[in-house]
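Order of writing sets the labels: A, B, C, D, E and F. Residues in every chain begin at 1.
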């Protein structure tokens, strides 16, 4: 068990690729991805209907070491700035295999 | 009331009794009484795939017997509409309606593009009344998806540059969105269907026609049931849109429909059926391809405005009243 | 064995060889051997939408040629069944079976409502044997979805009031559930289909019939494959339900089926085909509309009891044995 | 980065609307919603089958300030009482845009 | 160029113009230009269910008129192929290609099994050219799904035992996977369809044929559109697979196809049409049933290797070039 | 509100049944399950395509008391060892009904 930071990022689905690219650019290649996530926020759209797939949210969960946290946050902040979204960080223990 | 008028009235009434329109109304009704009816999202997307392929194959098979040159005027008209309508719509929304510029651009872009669902309803309308129509409008449908997105992007950049010096990353997304607007799913299906229908020898096509032709009207009905529900959901958002925009969503299609009939008749020489289809292309607003493109290109704009207008106002207006109206206009002009 | 008897036996056996029943059996088999076969959930829901619309349109088109007044006795019978069966079932389950009151109410409510899947299988059975049937049972199907939910709600409130003084928020949800029970998706589709089939002039209907009529039996088969799997899943829960409830799930439909045949024959004057359909309406238990309604209305009741009984016991019993049995009863009565 | 409370509420899908209304009634309009969530608990139904959509769970994730926490919990508790479910609260940091 | 050659060339070209092949190509194209076209996953799974049932019912109905004994040689051949091909493929990949043993076993197992999608494309090819074919290959399709998984499991255990003493929990999963390989969804659908088609009397079958027969080719086209997209996605992974494996994915089917034609012609006495189908069974690699089985059985192997090879290399090769090639071989042999 | 451990386990979908069995074997019968979860890790497959359902991930969220934590982890570790995956543990408060 080692201490890690658990980052939970909720953004609109259209930004999925950009998040992945930005993570790759700082060499983060491991993440867990939830698609078809609903939500409502300041600018959120409650239900964009049958064709609204691209208006849904996606959630990325990224576990990273404490040292990396700032790098990851700086990589993601421009997306949050432009399109909104939510990013929560909490402490967790990673169970070693 | 003369016999002719009474005939016309009856025809109008019967035309409202086509299954497709009734299914659409059923969907809106279910939504209005807040029934828990829900069509599976994957079913709706599957029907869209089917209908685009089907209309493409059907059109392609008919074009196979025609010369490509003949299509050129229709194609030019389609491009022209796609480029000019957003400018006209922008001017009306921003200058007459006093809406802020970026929201005006986003909405205008939707009206320059097309709604395949409305187009298919118009086909069903003409078929139910046994009115013949030209084959070129299907090609125009494929062509008109994208140009309005391009114009929207350029307009948005122009607006942004006016507002603040061009140091920003304003058009960073431009190439991506442009590429996407020309390779988006509906175009692939429609153009792919057209090509396959055109290339495949008739006897090879026979095997797939029972699926793509005979099922077409039935599946269209279920699709319109779903679309009625989608439109119904947006009705609640009317208040947010405000009186000006709601009127815009009704009057703009009438204006554009008239324009479409005029061009189709005088420049393209189409019959009443074909002119009705052109009017529908011009008068309808996109609710599939353009919304996500605008969401990326103009994140400052409010999506519920453009979704409410295109899907909640203009779409049901066209399906329920617009199509018969454009057909009336077309008849007046072609007969007159 | 007389020639007649041997004919009857052969007929029975052949009737088990209809594709619909075999697909249902295939689904149960796949589940019993724990195959990883899975039909996509959205496919199952889509087929439900299709079948309800299809049966509605078909029925509506036939009713178009009939007078509405003639349907009144059938409608009254449908309401009567919906109101009385839950009471009867409640009495049996609670007083004979000694099950606690709220679970008894929840289960009883399911038997008062109907299973469209069973009804469609019965249609396929009659069609395969070329037995004619009246057109009114489809309307009864639409009518019988809701009343039993209403009775269930009232019964549950009555039980709760007996148990403790009426200070609680007991019927807080009542209006919501009631509204939902009358606007639920299946009713919209079925009644909407009936109306559209009834209103649309025959020639306008032609275009959609290849989809709604010709595909019907094939899609019904795939649907029954899925339903066989659903029923198979519930077979494991038999133990939880206990011997009394499992017998109830088999004997109650026989009792109700007999009642249905009797009423259909003597009060409604239906033929053997129509009486079989009425029997199926009465004898079948809902597994789509009623379970969620009971979950909200009676959160104290155990969902696996009512789901196991309606979907795991009564549904397969009716599909595999009940339908031919009710048809035999109906023949005896109508011929006798 | 400011400290917030992360509320994770798992309830049956049929209660979705009620949760949203109760949140609105205390002026909480931002949340993230996961649908089609499976689960098994004291009263849980493991697999309600093809028509069991309404028997599935939904998960709400709500980030709120420490001061609001009690109000939110009190608003949600009646639902947990009547139909069961799970509600976890943990500490997190909210990344400011 | 002789008239005959020119005829052959034309035939080849026309054969590439069947809708099914064009839809496959459209799917690959959409993926290559990175269109955002997406077919709903549930639609793809639904079409798979439909096609397996349809081909089963069709085959079963034809077998109903034949004696079971006649099928025995074909069945034996199918088993033989399923057992021997994995060994041959393993030897080539490990000994010639120098790939590590467990990856070699995992890949080999895929080639011993079959791809129903390829088989269906071959049927469409023969139908488009009006070439008759034997009915037994459909049964071989059902039989050939599983044996190769069995061989893969045994091979993997043998490899593991050679590498380290048998103290490990190596074959803990063996019974589970074996059971799954024989009860997997495609087999249930295919064998179930065959049985139902065989058992149901012809007149009872009529009602479901419009759905299962007339729609078949159209739905196959949409399925192949989806499969073209899936294959296109894998094209990017070519580099990871390396030159040897990519050549293996092209040359192995040619080798196996030749073997298939030979056996079908000389041992089974099939016509050119039937021999083509056998060749396709032998030459195609599974991408539905085998990948997850190998993922559980050999977690050490790299899934992107076997998925890329079976879905990204061998499948498109067979659809676009292999099928006409095997047909040429079969014609040479049967005519020669 | 009582303190619990929140276990978040991401594994490939093919192991779903085994996780459930292993949890049952140590008498844990309550969990929340997210299906169709995407992700990318050391051995992860980014997109297994239309037939790749069995290659997707599933996420189990299990709330358990501090005392049980070790038992649960030991029950799950063999799966993580053989097929990889991620297991995070964090602190949370359980809202009593």
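Going forward, contacts are C-beta pairs under 8 Å (C-beta built on N, C-alpha and C of every residue); 3 or more make two chains touch, one makes a residue touch a chain.
Worth saying up front: this structure is predicted, and the values here are computed from it rather than measured.
Student: For subunit A and subunit E, what is the smallest step count along a path of chains that touch one another?
Tutor: The least step count works out to 2.
Student: A-F versus B-E: which interface comes out with more C-beta contact pairs?
Tutor: Most contacts of the two pairs: B-E.
Student: With chain centres defined as mean CA positions, report which chain is farthest from subunit E.
Tutor: Farthest by centroid: D.
Student: How many angstrom between the C-alpha centroids of subunit F and subunit D?
Tutor: For subunit D versus subunit F, the centre distance works out to 20 Å.
Student: Per the centroid of Cα atoms for each chain, what is the distance between subunit C and subunit D, given in Å?
Tutor: Taking the average C-alpha coordinate of subunit C and of subunit D, the gap between them is 35 Å.
Student: Just curious, how far off is subunit E from subunit D if you go by their C-alpha centres, in Å?
Tutor: One centre to the other, that is 47 Å.
Student: Hunt down the residues of subunit F that sit against at least two other chains at once, touch-wise.
Tutor: 34, 36, 90-91
Student: Could you tell me which residues belong to subunit C and also touch two or more other chains?
Tutor: 39-42, 45-46, 214-215
Student: What chain-chain pairs meet the touch criterion?
Tutor: A-B, A-D, A-F, B-C, B-E, C-D, C-E, D-F, E-F
Student: In their complex, what parts of subunit E are in touch with subunit B?
Tutor: The contact residues of subunit E facing subunit B are 14, 17-19, 22-23, 26, 29-30, 33-43, 46, 124, 127-128, 214-215, 217-219, 221-222, 225.
Student: Mind listing the subunit B positions that touch subunit E in their complex?
Tutor: Checking each residue of subunit B against subunit E gives 40-42, 45-46, 49-50, 53, 179-180, 183-185, 187-189, 192, 195-196, 199-201, 204-205, 207-212, 214-215.
Student: Along subunit C, where are the residues that touch subunit D in the complex?
Tutor: Touch list, subunit C to subunit D: 39, 41, 44-45, 226-227, 230, 233-234, 287-288, 291-292, 295-296, 299, 303-304, 307, 311.
Student: Looking at the complex, which residues from subunit D come into contact with subunit A?
Tutor: Those residues of subunit D that touch subunit A are 1, 4, 6, 29-36, 61, 63, 90-95, 97.
Student: Contact residues on subunit A for subunit D in the complex?
Tutor: Within the complex, subunit A touches subunit D at residues 8, 10, 34, 36-42, 44, 57, 59, 73, 76-77, 80-81, 84, 86-91.
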